[in-house]
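Chains: A, B and C, in written order; residue numbering restarts at 1 for each.
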Amino acid sequence: MTNNNPNYNKLIVTLFAWAIGLLIFFPILWTILTSFKTEAEAIASPPLFLGFNWTLENYLEVHERSNYFLHFWNSVVISVGSTLLGLLIAIPAAWAMAFVPAKQTKNVLMWMLSTKMLPPVGVLIPIYLLFRDFGLLDTRVGLVIVLTLINLPIIVWMLYTYFKEIPGEILEAARMDGATLWSEVIYVLTPMAVPGIASTLLLNIILAWNEAFWTLNLTAAKAAPLTAFIASYSSPEGLFYAKLSAASTMAIAPILIMGWFSQKQLVRGLTFGAVK
Amino acid sequence: MATDHSRTAARFMISPAVLLLLGWMIIPLSMTIYFSFLNYNLLSPGMEEFIGFDNYEFFLTDPAFFAALGNTLLLVGGVLLITIIGGIGLALLLDQPMWGQGIVRILVIAPFFVMPTVSALVWKNMFMNPVDGLFAHAAKALGFAPFDFLAHAPLFSIIMIVAWQWLPFATLILLTALQSLDQEQIEASKIDGANKVNRFIYIVLPHMSRAITVVILIQTIFLLSIFAEILVTTNGGPGYASTNLTYLVYAQSLLQFDVGGGSAGGIIAVILANIVAFFLMRMIGKNLEA
Amino acid sequence: MGSITLANVTKSFGAVNVIPPLNLEINEGEFVVFVGPSGCGKSTLLRLIAGLEDVTSGTISIDGADATAVPPAKRGLAMVFQSYALYPHMSVRKNISFPLKMAGLDQAEIDKKVNGAAEVLNLSDYIDRRPGQLSGGQRQRVAIGRAIVREPEAFLFDEPLSNLDAALRVNMRLEITELHQNLKTTMIYVTHDQVEAMTMADKIVVLRAGFIEQVGSPLELYRSPANLFVAGFIGSPKMNFLTGAAAAKYDATTIGIRPEHVSLSDKEGDWKGVVGVAEHLGSDTFLYVKLEDGTQFTVRAEGEVSFEHGDTVYASAASADRIYRFDDKDIAL
C-alpha cells in the first residue's frame, strides 16, 4: 500500500473492478454460453466453459416447439405499442406543464406520480374481472392499455424534466420572430425535444418489455409476451438448460443492447428527475 | 408568456393524461374496496353478499398474512441492505480511474435489463438446482453436499436473485450522484487536511445521502410488489415460507377465487405502499421546487 | 413609424400588482432605456410591450393603432433576450433567417438579407457554426442579427449585455449605439446598469416598484433628479446624502452632493472626516471618508491626490448650486 505509482494503483483497481464486473455479469454470460451447448453438455459435470461443440440447434428447437416468434412479436407489439400510445398522450401534457405552468401543475405532477405507487395487487381483481367481461383477457390490445396506463406517469415525468430544460426564452424568441404556434412546434420545439423524447421512448420500451406482473396475470397462450412465455419454463422444461438458455438469450438480448445505450436516461427516468 | 389563450390550450392538452390516470386509479380501486366488503367467490357467482369487515378480519387473523407480512419486510429489507451497501462500494470502485471503465460499467449494469422471469429461472435451474446447478457442482468439487437452496432457504434465495437484479440500479444512481460531486470540494477538503476516510465520511457520504434516500424509496415501491420471481421459483412455498403480500393476494384471489378476501388483502397492500409513497413524494416534491 | 404609447397600463400576477397604472410615450426613432433596481418591473414592462404577457388593463398602441390584443408575432417588433435565446439546433445562418422564413420571404431575398446582416455584424466567418460553438460576444451579435433582418418597427432589448464580461460589454454598448445611429429605428432597452442607461439613451425611464420615478434625457436626470431615489440611482459613484443639522442649514430634510462636486482640504471646510480607503485610479482618486457623525462620504478628486488612510480632511461643496435639496417626502426642492 506504500506504492504510490499511479499506474500501479490503476492496475490494481482495474483488475479488481473487472473481476467484480465479470462476477456480476457471469449469470448472463453463462446463460449465453449454455444456449450454444447440447442438453448433455449443459448439465455436464464438471461444467464446460468454452470447450464444447457450439451449436445453434437450441434456437431452432425453441421456436419449433413453442412458436417462439409469436411471443417475441407479442413483446414487440406490447412494449412498442404501449410506449407510443403513452407518448401520444404524454407529450401534449408534459409540454403544457413545462411551458405553461399553472398553480396546480406541481400538484398534478405529484398526483400522477402517486398513481405509479399504487401496488398492482390493489387493482388486480377488478382489472382481471373487467378484462374478462370485456373480452380483453389474453389480448395484445388489453396489455397495451394496461402497460400504457402504468407507465404513463413515468413518461410524463421524464418528458417534463426534459422539456423543462428547454429555455422558455427560446420559445418566446420564436414568437417574437413571427412564428405561429405550429411553426413554433415544428421548427423550434420538436428539434429541441427529440433527444428527450427518444430517451423516454427507449427507457419505456425497456420497462414495458420486462413488465412481469400484468403480463403474467392477464395473458395465456395467445397474447403472452416473452416474460410470460419464459415463465412457462418454470417446470419441467426448465430442466432443459440449453433450450431455456436459448429462449432466455433471445428474450434479453434486444433489451440488453438498448439498455446499454440508455444508462444515463435510466437514472433520470427511474428517479423521476430526483437524481440527474 | 402565459397568456389566457395558451392557458386554455394547456388545460386541453393535459386533460387526456389526467382523465386516463384518474380512471385507472379510481374505478378499479373503488371496485376493490367494494369487493373487500363482500363475500364474493368466483366459483359461486351470484352469491355475493355484504359482510362488512369480515374479510379484513379473516385476512388480518390469518397466520398466512403475518408470514407474508414478515416475508415482505425481510425481502424488502434484505434486498435494500445488499443493494445499498454493495451499490456504494461499486459506485466508489467505478469512480476510480481504470482501464476499460466503460465496459466494466456495462457489465455491472446488465442484470437490470434481464426480465424478472428469465433471471429467476436462470438462477433457479442453472445455479441453485441441487443436482445440476453450478452451485451444486461447486459444492461437490469442494467436497460438500449440495444444498437445495429453494427448498431449504427459499426466501434467502429469492432475496439473492432480486438483489442481483437491483444492485445495478443502486450502483448506477449512486455513481451518478458521486460523479456530480464538485471536484473543488474534494480539493478544498484535501487542503483542509482530510484523509480518504474523512473525505468519505464528511464529504462524499453526505453528498450521496440524497441519492441513497431516493434509491431506498424507489426500490421499496418496486420491491413491495415482487411477484414474478416468486411465481416461477417457489410458488410461495414451501408452505408460506416465501409468500409475500403481493403473492398472497394473487393466490387468494386468482388461485382460490376468493375475490372478497383478495380484495381486502389488496387494500392492505395499498395502505402499506402509501406509507412509503408518502415519504417518497415529499422528497421528490422538494426537488421540484429547487 | 415606430412610436409606442402606453395608456393606463397595469399588470398583476394574481393578487400582486406589478405595474400600477402607467402612461408612457415613446417617440419614433428614440433610444429609450428602462432602468431600475431588480424587481422594479422593467422587464415586465418590456414583455408587455412585446406581447409576451397580457396587460391586466389599459392599452398599448404601436404607430397609433391599438395593439393590446395583437399577438407578439404580429406586432412587428424584434427582441434580443438576456440569454440570447438562440436556437441551439440551427446554424447561425438558420438562426438569422428564421424570422424571414416565418414571414414567408423567398430564399434569394432571405440569403441577401442574411449575408448583409452577417457582414455588418462581422459574423460571416461563423455563419455555418452552431450557437454552441460561439463565444458570448458572437452569440450576442447573432441575436442582434436575427433582430435586425426583420426591419422591425422597434427593437426590444432585455438586459442584453449582462452575460458578457466587462471589456466586451463596453464594446457591445458602442456597437448597439452605433447600430441605432445607422438604423434610426426605435429601440427600447432594459438594464439595471445606470452606466449603460447614461451612455446609450436618448431618454431614460427610471422605474421603482412599477412606478415611473422620472423620465428624461441622461443629463436632465443627472442635473435635476426629481427625487432622492433618482438622485441616488443615477451617477457613479453614488451621490452622498446628508441629513440632520448639515441639511437643515440648507433648509432641507436631506441634501445630496455628488462625489465629483466635492472639494477637499486638509485645513478647513464644511464637513470634517477621516479618510478610510483611498482608491488611486490614476486619472481620478476615490476617497471614502468617514464623517464625524459616522456618515460615509465619497469624494472623487481629479488626478492624483496625496491623502491617505487615516488623514483628517475637510470636505465642502465645490459650489453652492451643486447641492441638491430634498424635502421630508424625498422630493427635490
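Observations on the structure shown:
In this section, contacts are C-beta pairs under 8 Å (C-beta built on N, C-alpha and C of every residue); 3 or more make two chains touch, one makes a residue touch a chain.
Note that the coordinates shown come from a computational prediction; the quantities given were computed from them, not determined experimentally.
In terms of the distance between Cα centroids, chain C is separated most widely from B. Here A is the chain whose Cα centre lies closest to the centre of all protein Cα atoms.
Between the Cα centres of chain B and chain C there is a gap of 57 Å.
With centres defined as mean CA coordinates, chain C is found 53 Å away from chain A.
Chain B has its Cα centroid 16 Å from the Cα centroid of chain A. For chain B, residues that reach two or more other chains under the stated contact definition are 1-2.
Counting partners per residue, chain C has 52 as the residues that reach two or more other chains. Residues of chain A found to touch two or more other chains are 172, 175. Of all residues in chain B, those touching chain A in their complex are 1-2, 6-7, 9-11, 13-14, 16-18, 20-21, 24-25, 27-29, 31-32, 35, 90, 93-94, 96-101, 103-119, 121-127, 129, 132, 134, 137, 140-141, 164, 167-169, 172-173, 176-177, 180, 210-211, 214, 218, 221, 224-225, 227-228, 231-233, 245-246, 249-250, 253-254, 259, 262-263, 265-267, 269-270, 272-274, 276-277, 280-281, 283-285, 287-289. Considering their complex, residues 10, 13-14, 16-18, 20-22, 24-25, 27-28, 30-31, 34, 43, 45-47, 89-90, 92-93, 95-97, 99-102, 106, 108-130, 149, 152-153, 156, 168, 171-172, 175, 206, 209-210, 212-213, 216-217, 226-228, 230-231, 233-234, 238-239, 241, 244-245, 248, 251-252, 255-256, 258-260, 263-264, 266-267, 270-276 of chain A touch chain B. Taken in their complex, chain A has these residues touching chain C: 167, 169-170, 172-180, 183, 187-188, 191-192.
Across the interface of their complex, chain A is touched by residues 50-52, 71-74, 77-79, 81-83, 85-90, 98-99, 101-103, 146, 150, 156 of chain C.
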